[in-house]
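Chains: A, B, C and D, in written order; residue numbering restarts at 1 for each.
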Amino acid sequence: MALIKPGTGWDLVLLLIMVAASYYYIRKATRGEKLPDLRRIPAVDAIYEGVGRSIELNKPVHFAMGASGGQLYTTLVSMTLAGLAFLRYVAKLCARLGARLIVHMPYQAESIPLIEGVVREAYREEGKLEEFRREDLRYHGYGSLTWSQAIAASFAREGVGLNLEVGIFYSDCPISLEMAKIQGGMNIGGTGRWIMVYAFAMMCDYCFLGEEIYAGAAKVSDNPLMVSGIIVEEVGKFFTLILIAICLILAALGVNIETLLSF
Amino acid sequence: MNFWDALGAFVGSFFIISVLSMLWKDNPVFKFGQQAIIGATIAQYVLFNMKNLLNMAIIPISQGKWTYIIPVFLGLLMYTRLSPSYSWLSRYPVSVLVGVGVGVMVPGLLRGQVIGQVQKTIVDITSATTTYDLINAIIILIGVVTAITFFLFTKEHTGVLGVSARIGRIFLMFSLGANWAGEEVWYLTQMIGRLRFIVEKLIKGVILGAA
Amino acid sequence: MSSTIWDKLGNIDYRILYALSLILMLIPIIRPIGLPTPVSETVRGFYETIDNLPPGSVVFVSLEGSLSLLDEQEAQYIATLKILFQRDLKVVFYSVTEDGELIYNYLFSVVNPEKYGKKYGIDYVRLGYAPLEERGQAAVALDVRSVYPRDFYGTPLDEIPMMKDIHNWKDVDLLIYYYTSCTNVEFAIRQWVIPYHTKCIVGTLGCCGPMAVPYFPDYIQGILSGSGAGAELEVISGNPGPGAMMNDAKNFGILGLLLFLILGNVSYLGKRFGGESE
Amino acid sequence: MSFVRRELPTAILALCGILLILEFFIPSPILQAIKSELTTWSVIIAATSCWLGFIYMAYAQLRMLGRNPTTSQYFWFSLPFIFFLLFFIVGVSFPGDVSSPQYRWLITYIYQQVGATVYAVMFFTLSSAAYRTFKVASIEAIALLLGGTIYMLRQIPLFVYICPWLLPLGEWILLVPNAAGGRGAVICAALGALAVGLRTLAGREVTLVEVR
């Protein structure tokens, strides 16, 4: 019997490289050594500005992870976690600066404990636990249709200063983002699902293009351990580029790439 | 047309108009539809999940599959979030869920979205039979490589990397535009379908049909 | 501060755009116009594949559909059903989604087989619903009865005259494969076309079409994508249906947006190059 | 106490994740059985927690009513509950439950119409967004504009009739530049997600660790 399943060899190589890189950089980060600098992501800086704007206008800050942004046990869990990192950041900012935060929760009820935990903890860390309001964690029912309507209604009735949407988005963001825009809100957001990124690119004042949400999540966490994750990603990207180059050379030499990459 | 179909035409049209009126401004008709549908969809969500729970846990447990008591118990722990002093208990079910999530996510990403994509990009070139195919495959390769360089975070986008990242950005924009167009026309069809419902079922079917 | 004409062109109230589009769409729905519909290669392939079948051929129709996406495929279904019933073919319908059976119910109420002189059990059979993923399609190809021992109405397949000689892929002359999840086209290709060289034509959503195009015409002989393809099929087969009206409404509905795109760019260019002239 | 509150859940998370990843690589019936058991567990856990949404919705509605207890507020307050009961009671009281014709009627004429209309509304919101952003302002914006309009017109029969070359050009945009950009973005997003996954398994994901 083979030790590993056929066709998974290269996957294992990539995984091991990423694991090794994670180990190396997490250790480096815990020791407090200096990690490489990251380029700026304008959308991250804009969140602070947006919260300030909301206070000036005396309008609430809205946060959403998508109608189905609470997926914990599916292949999209990474985006849920990235969304939660942004939620933690914006909740802390709101608590510190005194803005009202309204969270539009996804329909997956199993994610609610995590969402409330993150918001409550953010308020606690800022020493403003008494300002945490559970009724501002809104649940809008099942599916993107009711969610889109409810979020649009909330913008119209309660106003919107900053609308931050990071997480898993299907056909729900085109309505919520445009409605925030029409109500005079400032939009910041992004998703890892490439097929929906166009809506963010077109409707947001600042947007995270695809995987920038992960980098952004690490940046807003203000934690060297999270930042080390981006460096790990970079290792993966360089590996991919090198793999493409090597495959091209081998292909030119007549090696069958299809069989090579499916060992 | 029987009574229920006619009533359906009215109810359906009312809800269609209720949603469309959101584009004009917030109004009582929209608010009615929006509040009602929240209740309706929560009922649907609960029904759907209770059915799952019955089929996947309660019936198997009654047939002697005792291990399923554990996930039911873990699921109940989720409700401890409502009490501040016991809320930490909800970390257990969340941990199982996220653990399973990461466990199914990582393998899927490796094969389908990294190695598989690299493989496709290279094989497109090696398997091209005409010059046209070959040129296209090379354009795709350039697009993939430059798009990856656009996403590099540890290097400032200047010099060669700057040019490459710019080209990558242009490819990404093409992709965003095409995605927009696909969805736009698809939603247009949906809009036409709704107008057809009102015109054919309500106006032609009920109002004119009854007259 | 007075705003120039360019500013005004760039800041028209969106609600005017919305209203304009709505009115434009309504015109052809109330009064169909019949704008020309060009027939594309992939739709021609779809039609000709059915048209070229010898009389008595067996056609399997696999339907993965969802009621909320019906607008996009309704015209395809109706036109295909009409073509199938107008010819001397034996058709087996099955669905892989729960909504599929509801769609069949609706379709058979619109395209009544009796009107075409077709009898249940002799000219066509409904097998019902089974949640077939890729493995399910493979099982149907190997042995229909392993997945559908009985038909939709609960009759064992062996008691149905038409099904007596239909057992597996050897007895299937054509597979018509409808799907709504873009990558599922590969199920049909991997489980029917590559192993058994079954002829296969597919119907799908507009957004999925381009992903099926690379398989045409080597693996699949025809593609219908979106309601537009349904209209084309109506034209080529000479059966008018809902597709033509959908097409007219699409042609009209997009005009408002195009006008606004032009206005937006005129405003931009005007501000940039002729900003001073008020 | 800290161990039960913090380390143990993190260890459970890592264990579940690593077992499932191992299952992908190692051919073993035991791992396969564990995987299918764990995935079933997840669905059961999620299904058990389904009432949480209802509780939060009810809580928010109650608080809103408490702040402004007028007659009209009572009406708006009760509306979601009335429809909840309507759907719930119809959904459980007829033979066939949610497959009964009565429940299907509710779904067809309310749920589905609202769903499809929400999709339809997006045609309008995307149109106004395009009006705002599709400007010939920079090379990137032109790429967005070209990719968008050409592929849009390719799907409109009238324009294909007037300019037949829109068909191959639209297809080309979709299959070449769109595929290229999309593929690069997908690869990078996957690597980002991988990094998040590994960090989570290592118990270093801040949002998960901090929640009490």
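Here, contacts are C-beta pairs under 8 Å (C-beta built on N, C-alpha and C of every residue); 3 or more make two chains touch, one makes a residue touch a chain.
Keep in mind the model is a prediction, meaning the values are calculated, not measured.
*Asks:* When I count C-beta pairs in contact, which pair ends up with more: B-D or C-D?
*Replies:* More contacting C-beta pairs are found at B-D.
*Asks:* Which chain is in the middle, if each chain's centre is the mean of its C-alpha atoms?
*Replies:* Chain nearest the centroid of all protein C-alpha atoms: B.
*Asks:* Could you tell me which chain lies farthest from chain D when each chain's centre is the average position of its Cα atoms?
*Replies:* That would be chain C.
*Asks:* Need the CA-centroid distance for the pair chain A / chain C, whole Å please.
*Replies:* So the centroids are 36 Å from each other.
*Asks:* Chain B to chain D: how many Å between their CA centres?
*Replies:* 4
*Asks:* Just give me the whole-number Å value for how far the CA centre of chain C lies from that of chain D.
*Replies:* So the centroids are 25 Å from each other.
*Asks:* Roughly how far is chain A from chain B, going centre to centre by Cα mean, in whole Å?
*Replies:* Centre-to-centre distance between chain A and chain B: 16 Å.
*Asks:* Could you list the positions in chain C whose residues touch two or more of the other chains?
*Replies:* Each of 14, 18, 71, 206, 226, 250, 253-254, 257 in chain C touches at least two other chains.
*Asks:* Give the residues of chain B that touch two or more other chains, as numbers and ranges in rising order.
*Replies:* 19, 22-23, 31, 33, 37-42, 44-45, 48, 78, 81, 87, 93-94, 97-98, 100-102, 104-107, 109-110, 114, 118, 121, 141, 144-145, 148, 151, 172-173, 175-177, 179-180, 182-186, 188, 190-191, 193 - these are the residues of chain B that touch more than one other chain.
*Asks:* Residues of chain D touching 2+ other chains?
*Replies:* 21, 24-25, 39, 42-43, 45-46, 49-54, 57, 108, 114-116, 118-119, 121-128, 130, 132, 144, 149, 152, 155-156, 174-175, 182, 185-189, 191, 193-194, 197-198, 200, 208, 211-212
*Asks:* Sort out which chains touch which and give me every pair.
*Replies:* Applying the touch criterion to every chain pair yields A-B, A-D, B-C, B-D, C-D.
*Asks:* State the interface residues of chain B toward chain A in the complex, per the touch definition above.
*Replies:* 19, 22, 25-26, 30-31, 33-34, 37-42, 44-45, 48, 78, 80-81, 84, 87, 90, 93-94, 97-98, 100-102, 104-111, 114-115, 118-119, 121-123, 125-126, 141, 144-145, 148-149, 151-157, 172-173, 175-177, 179-180, 183
*Asks:* Flag every residue of chain A that touches chain D in the complex, lowest number first.
*Replies:* So the residues of chain A in touch with chain D come to 1-5, 8, 11-12, 15, 18-19, 22, 26, 72-73, 77-79, 81-82, 84-85, 87-88, 105, 107-110, 112-114, 117-118, 120-121, 134-146, 148-149, 171, 174-175, 177-179, 181-182, 192, 194, 197, 199, 201-203, 209-211, 213-215, 217, 221, 223, 225-226, 228-230, 232-233, 236-237, 240.
*Asks:* Quick check on the complex: what are the chain C residues that touch chain B?
*Replies:* For chain C paired with chain B, touching residues are 15, 18, 22, 25-26, 29-30, 70-72, 205-207, 226-227, 242, 245-246, 249-250, 253-254, 257.
*Asks:* So in the complex, which bits of chain C are touching chain D?
*Replies:* 12, 14, 17-18, 21, 35-38, 40, 67-68, 71, 102, 206, 210, 213-214, 226, 228, 231-232, 247, 250-251, 253-254, 256-257, 260-261, 263-265, 268-269
*Asks:* Please give the residue numbers of chain B that touch chain D in the complex, ascending.
*Replies:* 4, 7-9, 11-13, 15-16, 18-20, 22-23, 31-33, 35-53, 56-57, 67-68, 70-72, 74-76, 78-79, 81-82, 87-88, 91-107, 109-110, 113-114, 117-118, 120-121, 136, 139-148, 150-151, 166, 168-188, 190-191, 193-194, 197
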